[in-house]
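Heads up: the structure comes next, in C-alpha cells.
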Amino acid sequence: MYLLLFCQQFLNGLQFGVMLFLMASGLTLIFGIMDLINLAHGSLFMVGAYLCATVFQQTGSFMLGLLVALPGTALVGIVVEIFTLRTLYARDHLDQVLATFGLILFFNELTKIIWGPRALFLDVPEALSGTIEIIPGAPYPTFRLAIIIVGIIVAIFLYFLITRTRLGMLIRASATNREIVGALGVNVKLLYTLIFGLGALLAGLAGAMAGPLFAVEVGMGEDILILTFVVIVIGGIGSIRGALVGAILVGLIDTLGRAFLPALFKLFLDPATADGVGASLDSMAIYILMALVLAWKPRGLLPAHE
Amino acid sequence: MNRFQPTLKACILMAALVFLIGLPPVASALEATFYIGLFSRILIYALAAVSLDLILGYGGMVSFGHAAFFGAGAYVVGIFAFHGIEGSAVISWPFVIMGTDNALISWAVAAAASAGLAFVIGAISLRTSGVYFIMITLAFAQMMYFFFTSLELYGGDDGLSLFTRNRLGHLDLSNDAAFYYTCLGLLIGFLLFTRRLVNSRFGMVIRGCKENERRMGALGFPTYRYKLICFVIAGAGAGLAGALMANQTEFVSPSLLHWTVSGDILVMVVLGGVGTIVGPVFGAIVLLLLEEFISRYTEHWMLFLGPILIFVVLFARRGLYGSFVERIGNNG
Amino acid sequence: MDKPILTAQGLTKAYGALKATDALSLEIQPGEIHAIIGPNGAGKTTAIGQLSGELTSDAGTIYFAGQDITRLPVHKRACLGLARSFQITSILLNFTAEDNVAMAVQARDGHSFRFWKSARTDRKLRVPARDVLKEVGLADRADVIAARLSHGEQRQLELAMALATRPVLLLLDEPMAGMGPASSRKMVDLLQTLKGRLTILMVEHDMDAVFTLADRITVLVYGRAIATDTPENIHIDPAVRQAYLGENG
C-alpha cells in the first residue's frame, strides 16, 4: 500500500522536477554566460501559462495552445532582452535585480489588466486525461507522465545542442570566456539574444504544461522562480547537468517531503505536534537541503567551472 | 566638492527634520490626521531601509531577504500580544516566558530574535557571494514566509490580530501622535547609531570589505566574521522596525515576509541613495507617497512603479538624495 | 646561521594534469632579500599563492616563525606577520592614501570590534599611517583618493600598506610590475632601505632590480627550484643559464 503511494509520489516528484529543470536550465545558462541575474524569468513562465490557457480555453486544443505559447513566450523574452536587458549586461548585480524586479511588477500588473485578477482553471486536455498503469496496480495520470517524457526529450535535446552543435560550442565557450568569443568575430549580441530566447521558450513550455495542474494566476511565476533559484544554487551556476541533478533532487524532496513528512513525524510525536511540525517542515525541507548542500559545497554540486 | 554642498546637505536635513517633527500638530490642525498614520508607516519602513543600507551600501552585501527579519520582529510582538491576552506562556521550556503587551519586553525580544535569525541565515549565506548570495537570501526569506504561514496557532495564512498597541512605559501608544513620535525617535536614534557605526573601526572594516575583500583578508582581517556581525546588526534594526509595524497596523501576517516586501525595501534604499545613511529615509518617503497618491487614481499603480524603477536604475542610479549630496561613502 | 624564518617543503599544486608547483622547497633566512625568478609559467605566482594562503597546496608543508601554517587561512597568516603585495595592484581605490595605510595599521592594532569611536580621527591610526607614507615617499599625497594616484604611486601605496602591518616576512609579487625606469629605480631604492630590517621574498622579472637587491636567488623552472644561491653564483650557473638566462640570449 505504502509502496504504491510512494511510487506515485515519486513520479510526481519527477514531474515537478521536470518543470523545475525547464526553468533552471534556461536560467542557469543565462547566469553562467551573460552573468545576468534575471528575476523576471518567472514572468516568462506566467506568460507561457496564460497564452496556452487562453488559446486552449478558446479553441479546446491544447496542442494549438502550445503552438502559440512557445513561440509567443520566446518572442516576449526576446523583446524584453533587446529593449531592457541588453543595457543591464554591463551593470552590477544589484542593478539587474532591481530592474528585473521592476519588470515583474510591470508584467504582473499588465497581466491583471488583460486577464483580470481571478485565476484561470484548466482541465487536463482530453487526449491525456486518462491514467496509465506503468506500475501494475498504480494507475498514474497520463498528463503528468507526458510531462516527464517531455522533460527527458528536452534534456536529450539540450545535451545534443550543447555538445554536438556549433551553437552549443559557442555556448560552452562563452561560459568559460565571454570576451574571447567576441574577439573571434562571433556576433555576441545575437548569441545572447538566442540564448535568452531559448531560456524563454523553455520557461514558456513549463508554464504551458503547468496550466492544467496549477491555477493560472498572477504571481505563479515568482513561486516557481524562487524554487528555481534553489535548484541552481544546489546544482551550481552555469551547469545544465547541475540544473538537472538539482531539479530532480528538489522535485523529489519537495514532493516526497510534503507527502510523507507529516506521517513520518506521527511515528515519533503525538498527532497534534506532528501535524504542526510536519506542516512547517515540509515546506521548509528544500531550503534546509539547500543550506546543507551549501555547507558542504558553497559553489553547488556540479558547478560549470572552478 | 565645493563648500556650498555641505550647507545644502544641512539645509535639506534640517528641513526634513522640521517637517517630520511638525507633521502631527499640523495634520491635526488641518483635520487630516490620516497623514499621521501614513507617515508612521513611512518612518517604520525607513528604519527597515536604513538597516538594509548598512549591509548593502556599506558592506556591499546585496540581500533580497530583508523582509524575513522585518516580519520576524513583527511576529514576535504579535505572538507576545496573543499570549498576553490569553494569559499564557509564549514558551514553557527551557524557562517560562509569559505573553505581554509591554513594549520594553516584546520590542527588545523582537530585535533580539531577528538578530538571532540573521545570525543563522547570515552564517550560511555569507559563505557565498555575488549571485549566489542574492538567491540564497531570497530563498531563506521565502522559507521563513512558509514557516509563518504554517503556524496555525498564530493565524497561519490569515494572520494574527493584536487588539491593542503595546504599552511603552507611561506612553499610550494608541494615541497616534504619541506612536508617531516614538517611531520618529527610534528612527533618528538608529540613524545616529548607524552614522557612528560606519565611521568606527568596525565600520571601516566593513567598508573595506565592500571595496576590496581580498585586500582586507591579506591585511589580516577575518572578513567573514565582520560581515556576519554587520548582517546581524542590520537584522536587529529590521526586527525593531517590524515590531513597530505590528503596532502600527495592530495586525501581523505572513505577507510581511513576502519577497515583494524585500524588494520594496531594496527599492527604497536605491531610490534614496545607497550608502548615504539618510538616503533610504527619503526613498521610503518618496516610494510610499507615490504609492499613496497614484493609487488614488488607479488601482494599477504597479504598472507605473515598474518602469519608474527601471528608469531609476538605468539613469538615476545614485538615487534622489545621493544625487544631490556627494555620497558619504569615503568622505563623511 | 639563524633558523630560517620560512621553510617550505615539497609544495605541490596541480591543475588537472599540469603541475604548477612540483615538490618545491624553499628556505628563507631572516633579514635577507630573497628573489624568485624563472621563465613565464614557471609557477612563481602559484608559489606565492600557496605561501600566502590563497591557494591550498595538494602536498607539502610550510613553516613560518616556528609554526606550521600549511592549513591556515590567509588572514591568520597575515596576523602572524606574513604580509603580501599583489602583482595587480589591490588597494582600496575609493579611499585616500592615508585611509588605506590607516586600515593596515588598524589591522595590527588588535581587533576592530569597536563600534562607536571614530576611526578617521583616531591618532593611534593616523599618525603611524602618515609615518609609513613618509617612509615610502607618499607623504604629500596622503589625502588623494587612491584611484587618482599614478600607477607607480599606487604600487608604492601597496607597499606602504604591507609595511604598515609591521610584518616579519614581506611577500612581494612583482613589485616593479608595469613601472617605467624612473619609478622602478625609486622602488629599488625604497626596498634597499628596508634591507636588514625586514625579510623580503620577492618574485620579479626585472633582472636589474633582482641582481641589485637580492642576497640570494632561487630559480624556478616548471614548478621546481633548480638552483638557490647568491646572485654572482646564479649568474654563472650553467643549468640556470641554459634553462632561463640562456633562453633570453
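When the chains are written out, they are named A, B and C in that same order, and each has its own residue count from 1.
Following the convention adopted for this analysis, contacts are C-beta pairs under 8 Å (C-beta built on N, C-alpha and C of every residue); 3 or more make two chains touch, one makes a residue touch a chain.
What you see is a predicted model; the values in this text were computed from it and never measured.
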{"item": "Centroid comparison with subunit B (C-alpha atoms), farthest chain", "value": "C"}
{"item": "By mean Cα position, the chain sitting nearest the middle", "value": "B"}
{"item": "Cα-centroid distance, subunit B relative to subunit C, in whole angstrom", "value": "44"}
{"item": "Between subunit C and subunit A, distance of the C-alpha-averaged centres to the nearest whole Å", "value": "48"}
{"item": "CA centroid of subunit A to CA centroid of subunit B, Å", "value": "32"}
{"item": "Of subunit B, residues touching subunit A in the complex", "value": "56, 62, 64, 124, 127-128, 130-132, 134-136, 138-140, 142-143, 146-147, 149-153, 259, 263, 266-267, 270, 274, 300, 302-303, 305-310, 312-314, 317"}
{"item": "Subunit C partner contacts - residues on subunit B that touch it in the complex", "value": "196-197, 199-205, 207-208, 211-212, 214-223, 226, 229, 329-330"}
{"item": "Residue ranges of subunit A touching subunit B (in the complex, touch as defined)", "value": "31, 35, 37, 84, 87, 91, 93-95, 97-99, 101-110, 112-113, 222, 226, 229-230, 232-233, 237, 276, 279-280, 283-284, 287, 290-291, 294-295, 298-299"}
{"item": "Subunit C - residues contacting subunit B, complex", "value": "52, 73-76, 78-79, 83-84, 86, 90-96, 99, 102-104, 106-108, 112-120, 122, 145, 161, 165"}
